[in-house]
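Sharing a structure here in structure tokens format.
Chain IDs A, B and C follow the sequence of writing; residue 1 opens each chain.
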Amino acid sequence: MTDQPLNRRGFLARAASLGLTTALVTTLAPRLAFAEWNKAAFEGKTPADALKSLGVADAKESADIQILASDIAENGAVVPVQAVSKIPGTTQISVLIEKNPSPLAAVFEIGPDMLPDVTTRVKMGQTSNVVVLVQAGGKHFTATKEIKVTLGGCGG
Amino acid sequence: MTAHPRAGLATLLLVAAVSAGVARAESDATIEGIEKYREALRDGNPAELFEAQGEELWKKPAGPKSVSLETCDLGMGPGVVAGAYAHLPRYFADTDKVQDAESRILTCMATLQGVDVKKYVDARWTSPEKDELVALATYVSGQSKGVKVAASATHPKERAMFDLGKRMFYFQGGPHDFSCATCHGQEGARIRLQDLPNIPTQKGAAAGWTSWPAYRVSSGQMWSMQWRLADCFRQQRFPEPIYGSDVTVALSMFMAATANGATMDTPGIKR
Amino acid sequence: MGNPMKIRATAKDGVTEVKVLMSHEMETGFRKDSSGNPIPAWFIAEVTAKLDGKDVMKAQWGPSISKNPYLSFKIKGGAAGGKVAITWVDSKGDSRTDQATIA
């Protein structure tokens, strides 16, 4: 989104062409299944707690999971992480920050219409391993990457 | 210890030399890593959220007169927002003052909308009033993205503002005997991993001027140039300048006119 | 209900790439205010995406996701003119839905 317009008309034309819209469809929102939120997993204090609550008994390391992120983050408040799984039949991708007070950051359900490739941005209190957990064919796989943080992101 | 003291010293020096080399290699890798990190943030700058809020505020009727800011004259004629930020600060005949985008927005709020702007000037940073002003400045600056900076500094009052800004830039004072130039008056200086632009040069002025307003990832806040300057004053242990006051506009005039010819890249994203 | 999201969706070679910026504090619950009182956790907990009305993605988030979250993902299929709708629900039960047209 760095490539922006010179003028208002250009902006509108361009916004339309990029599908960049804020067309609003508010909000008689299906108060979705917030009940589905896995409280125990997200409140787990260690990666092991979180994995247990996610129903992961055994996870194998896999070279078919890629964690695309810079080795160093200037600021732990915002650390971009892209997780890509090349494991056939991937149905879930989760991101954990080992040393955060609650390590589990996100769980993405990868439906049949999705590619197993998601990018988000996480907070990191300090330098830590980032673990990506993939569920495929009822089995679990992980990959790990250390990201150095020059300034912690949980102090405010 | 029976070893010859000279040999010991030589070894020590060698170790020191090698570890300096290692440190340099590490710092190259660090700088490369940080560049990659910054690159990853550029796509999807949360400043866009503030730009959208600013656009909504700009177009929504508000104030006692219940009119929008859409006919505001930012220096290129009433209602022209595109490219306006890149030509500011500039002299405005109706106020007989040199104004930056933010002080000009205040003028439009007062004259068009009938808003009592004192409340906005006095409000703390992060107050709802200042959030509105920052969002408006973010929107206006975004409409100059890709436009070349062209601050004229030809009107006598503009020239006077430039001179005042330059004097302020080098003015040294406060408990730490600081000036803007202490940090921003030399090549290659940095704090932690942040490069400090050498503002009296075109390149340095451009690095600063063309990248604010900016989203700050450390705080998740959107900062305007007025906020950036106020915080520079705080860091120098100077009293906080009044929002939109002459001294702030003067510093902006000095930066903008020094940056002339550079391309606006607003809103930016910063540490 | 929060401020509008920014959604950009582009279709290329049979894949629709979606990029979303959301406006949210994503408060961790670990911070304290200036009087030393804990600031309660408040964060987007669920995100769902629909392509032309059909569910395609569902995510659960915790407060480790950054303030003003950014999310990008890829959908098989989708074509220019199609619609991508994103909904979030936060830990207070607030929610918001925005929609974009695929370019």
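Observations, loosely collected:
The rule is simple: contacts are C-beta pairs under 8 Å (C-beta built on N, C-alpha and C of every residue); 3 or more make two chains touch, one makes a residue touch a chain.
In this text the structure is predicted, and so the values were computed from the model without any measurement.
Chain-to-chain contact here is organised exhaustively, every possible pair of chains being in touch.
Across the two candidate interfaces, A-B and B-C, the one carrying more C-beta contacts is A-B. Taking each chain's centre as the average of its CA atoms, chain A and chain C sit 11 Å apart. One simple way to say how far apart two chains are is to compare their mean CA positions; for chain A and chain B this gives 32 Å. Separating the CA-averaged centres of chain B and chain C is a span of 29 Å. Taken residue by residue, chain C touches two or more other chains at 4, 6, 19, 66-67, 70, 72, whereas all remaining positions touch fewer. In chain B, the residues that reach two or more other chains under the touch definition are 43-44, 48, 52, 217, 220. Residue positions 1, 22, 77-80, 153, 156 of chain A each touch two or more of the other chains. Only residues 29-30, 33-34, 36-38, 40-45, 48, 52, 81-83, 142-143, 145-147, 192-193, 217-220, 265, 271 of chain B touch chain A when the two sit together in their complex. Only residues 1-2, 4-9, 11, 22, 69-75, 77-80, 148, 150-151, 153, 156 of chain A touch chain B when the two sit together in their complex.
Interface residues of chain C facing chain A in the complex, by the touch rule stated above, are 1, 4-10, 15, 19, 26, 28, 30-31, 45-46, 48, 51, 54-67, 69-77, 80, 85, 87, 89, 93, 95-103.
Looking at the complex, you find that chain C touches chain B at residues 3-4, 6, 19, 21-23, 25, 66-68, 70, 72.
Those residues of chain A whose C-beta lies close enough to touch chain C in the complex are 1, 16-27, 29-34, 36-38, 42, 77-80, 82, 97, 100-115, 117-123, 153-156.
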